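For reference, chains read A, B, C and D in written order, and residue numbers begin at 1 within each chain.
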Amino acid sequence: MIHLQQVSVVYPNGTRALSNVDLHIERGEFAFITGASGSGKSTLLALVYRDIAPTEGKVIVDGQDIAKLPPRRVPYLRRKVSVVFQDFRLLPDKTIWENVGFALDVLGASRREKHHKVPLTLELVGLSSKAEDYPRELSAGEQQRVCIARSLVNMPPVLLADEPTGNLDPDMSWEIVQLLADIAGQGTTVVMATHDKRIVDRMGRRVVQLVQGMMVRDAKEGGRYDAP
Amino acid sequence: MRLNTIEFLLQQSWEGVVRNGLVSLAAVANIAVALVVLGAIVLTGVNLQHMASLQAEAAVITVDLEDEADTAEIQAALLGRQQVKEAKFVGKDESLLKWAERIGLELPEPDPDRRVKLITELLGGNPLPDSLCVKPVDPQDIPAIAAEAKKIPGVAEVRYGEQVTEKLLTLARGTKISGLVMGLIMGAATLLIIGTTIRLTIYARRREIRIMQLVGATNWFIRIPFLLEGVFQGLAGALIAIIILLPAYSYAQGYIDRNLEFINLVYSTEVLAIFAFGLVACGLVFGAAGSALSLRRYLRVV
Amino acid sequence: MRLNTIEFLLQQSWEGVVRNGLVSLAAVANIAVALVVLGAIVLTGVNLQHMASLQAEAAVITVDLEDEADTAEIQAALLGRQQVKEAKFVGKDESLLKWAERIGLELPEPDPDRRVKLITELLGGNPLPDSLCVKPVDPQDIPAIAAEAKKIPGVAEVRYGEQVTEKLLTLARGTKISGLVMGLIMGAATLLIIGTTIRLTIYARRREIRIMQLVGATNWFIRIPFLLEGVFQGLAGALIAIIILLPAYSYAQGYIDRNLEFINLVYSTEVLAIFAFGLVACGLVFGAAGSALSLRRYLRVV
Amino acid sequence: MIHLQQVSVVYPNGTRALSNVDLHIERGEFAFITGASGSGKSTLLALVYRDIAPTEGKVIVDGQDIAKLPPRRVPYLRRKVSVVFQDFRLLPDKTIWENVGFALDVLGASRREKHHKVPLTLELVGLSSKAEDYPRELSAGEQQRVCIARSLVNMPPVLLADEPTGNLDPDMSWEIVQLLADIAGQGTTVVMATHDKRIVDRMGRRVVQLVQGMMVRDAKEGGRYDAP
């Protein structure tokens, strides 16, 4: 589903964020990306939803080389690839309900479809009572869960989660990760960047580790946060 | 586009106007002020032009004939030119009567023929020549016609109040040109102001636009609410401009009509309807064009 | 305030202008356009006023005397009124000569006295009366003086070209009032536009302002860069307006001087310097006031 | 140093974020605030830097009842109380260097003082190489460390840290918490809201636990993340 071939990223200011990364993630797989702060996890995910283009190498998502994707095709890629952003990125002038619904609006979903799916998804992340509030009226952890709900609601083939539990307590974090694992079980490809050692160790799934933009480890099954 | 999408976009635009009251106010005020100024310039220009042409239309060329000239031939020569609309013969006696009237000579004689006789006696002869009163098709051509007329044999002198006519023509031309220039400058300034204002509103909402892009909204999906918002604002600005300009103009027209009869303002329902329609059209174009141009720049990077 | 702080704030303001090029452009364009329009209105008003008063100044009242009237006494009575500046005696012969000249009566006689005699013979007597040519201190008083003069014994008739004089006075008054109204409206609109534009720039930077407040910046510390930015923008707008208006006016003045001598534009370095200074002052006030008003609203909540 | 007496907070939309909280933290103390997402941790901290006023009760900071503080005095309170925000709140148009220096600018610090302190503090959080970059050019964890540097640079009497390690890897998190503990040792009062069970347990300091806005536990010494 996601194939990075010899990918390097150098930002305009000269920072080398990724170096020669080769990564292949199959449909329905669940993979963790770990690495210290600034090691390139968010950059790697940004390549997949085409927020940045690789300086070198190929990025192939769902069989398509997206480095060469013309700008007007990018929105259609992004409808297949949902993202839980590290900094949430909710629309401040829309309620929680509308924020989650927006992911359906861009698909041209009907009012009925929205009224069916949005409450269901809010229920999943435990925010039914906050549906009519605005993002600024929520705690950080609640905002993070809204972002998770938005990325789930349109049942995307690919789900990227960038530190989705950074503002959640351990119990809630575990629930959310279970949720993501469930979705992966239903055929969605899930890639999650995280610092949460406990979760990674407990899940025992594939772990890709980055150090200063280089892929230093790819533990396929029963992966642990620290190299053994 | 699906019906759901259209419904959603319309709702978005309307929410944009309501939620961003402040931003909308700025844009609407800008457009209204610009259109008021633009409209005032247009109205002033139209009226000056109208007055100048009214005055110029009354302008005639007087062609004095020599005593033994062939009037019919000269008349034919003049009417042969495309620029000449009319060339009426005015006899020397008729001219004399008019002159006497103009200087206020009071004679106890009502019969024209006998009046002529009396004045002729009084002055010891009629010093005035026969003449042709020539009207041009376009007042602009007066000097050219006069120059040509002078060359015709049998023409003694050509008079046309050079001073006044030429000044009026210059004024009319000047008004047309400067009105056009002012109008263009103001139009450009309006577009600039509206463009920067809308760009500012987009700048103020840059994070939201980026978020929408990241969630998979196409540029058109993001653009349309802004465009419609611009159109709404343009419309509102135009309506305000009309509400200010039309009553003000009508008041000015009444005031001038009562106090300064020699000034003659254009005031027909038809003209004012066209004018109002023009304002609305300008507002729409400004609003839409301003948004469109600003959006282009801001949405280029996906 | 410490020197460090002042240095920091000045630097901030300048960076604000440079970094927010777009925002600044909008504000500067707004101010420039508003000042150009305002300036054009002021210039037009000043000139119309000037022309009207020039014309009105030439206005005189002609007081016709009865044949046996005591000229000196009437003259004294008129000059006794404060509104009267001058009351010159004009004999009936002088009037006759002027009349003959005006109607273009051609006489082969150069000597004035003998010309008078000839005309008198021609008309069978001089029908004109002796008169006084009265000049008012203020043209506005003409109707009042005329009414008073009529009551003096020995005065046969009072004439002052009611039509033209009153029209000119009305025009001058109308210009003054409508110029003032237009100026006020434009001034208010300008403040509104600048205010909303600056409010928009502050709105666009609301998060930054909030962050500064959270880090312990006082409201003045946050305000001053915005205020100075407004002042810079006002100054820039005024300079642009001057660069547009003065050459345009000077060109128009030259053009009109060459082509339309009967129009007389005000054009002295002194007046233009005052005008330019006024524009700069307006720009500064607009920029500073616009920022200040907008900041008040946005910084109220700490 | 910080005294909350029977404090309740009800937000304008009716959400009850804190109920009758009594909390007393002494000068130089180091305390953790724990609790599930939405339990009121950020609200509690916001009371101390006067971002919100209590609906009921008293908030006394450095001997001053700040519920009654007139708005124009608030900036001076905030110079005594530095905050590491959960969402960083960096000035986007200023470089990292300028962002950290800004906390000194508001105090009217001299150029020399800034040039002495800013690099030192950036060094502490490991960001010397990013001094001239803008916030948007940094990874989330790097931005979080800039916010930490900004709160440290003016050596405040009170430091509030809201989930300061949410975007940091375990090693970096531990370093940062050590740093905060050092500062507390030098007399600064440090209050840190966190979800990081490992850090809380390892530090064994005072732990205040919130559940739905109520203080359910206040373990003075050797506190653990979960109630024993």
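As a convention for this text, a residue touches a chain if its C-beta (ideal position, glycine included) is under 8 Å from a C-beta of that chain, and two chains touch if they have at least 3 such contacts.
Quantities reported herein were computed from a predicted structural model and do not represent experimental measurements.
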| item | value |
| --- | --- |
| Chains touching both chain B and chain D | A, C |
| Mean-CA-position distance for chain D and chain C (Å) | 63 |
| Whole-Å separation of chain centres (CA-atom averages), chain A against chain C | 68 |
| Where chain A and chain D are represented by their mean Cα positions, the distance between them in whole Å | 28 |
| Distance between the centres, which are taken as Cα means, of chain C and chain B, whole angstrom | 24 |
| Chain-level touch network, classified as line, ring, star, complete or other | ring |
| Set of all touching chain pairs, with the criterion as stated earlier | A-B, A-D, B-C, C-D |
| Chain B contact footprint on chain C (complex, rising order) | 22-23, 25-26, 29-30, 32-34, 36-37, 103, 106, 122, 167, 170-171, 174, 178, 186, 189-190, 192-193, 196-197, 199-201, 203-204, 252, 255-256, 259-260, 262 |
| Complex contact set, residues of chain B against chain A | 1-2, 4-5, 8, 15, 19, 207-208, 211-219, 221, 302 |
| Chain D-facing residues of chain A, complex | 11, 13, 15, 34-38, 41-42, 86-87, 133, 137-142, 144-145, 162-163, 166-173, 195, 197-198, 225 |
| Touching residues on chain A, where the partner in the complex is chain B | 49-51, 71-72, 74-79, 83, 85, 89-93, 102-103, 105-111, 150 |
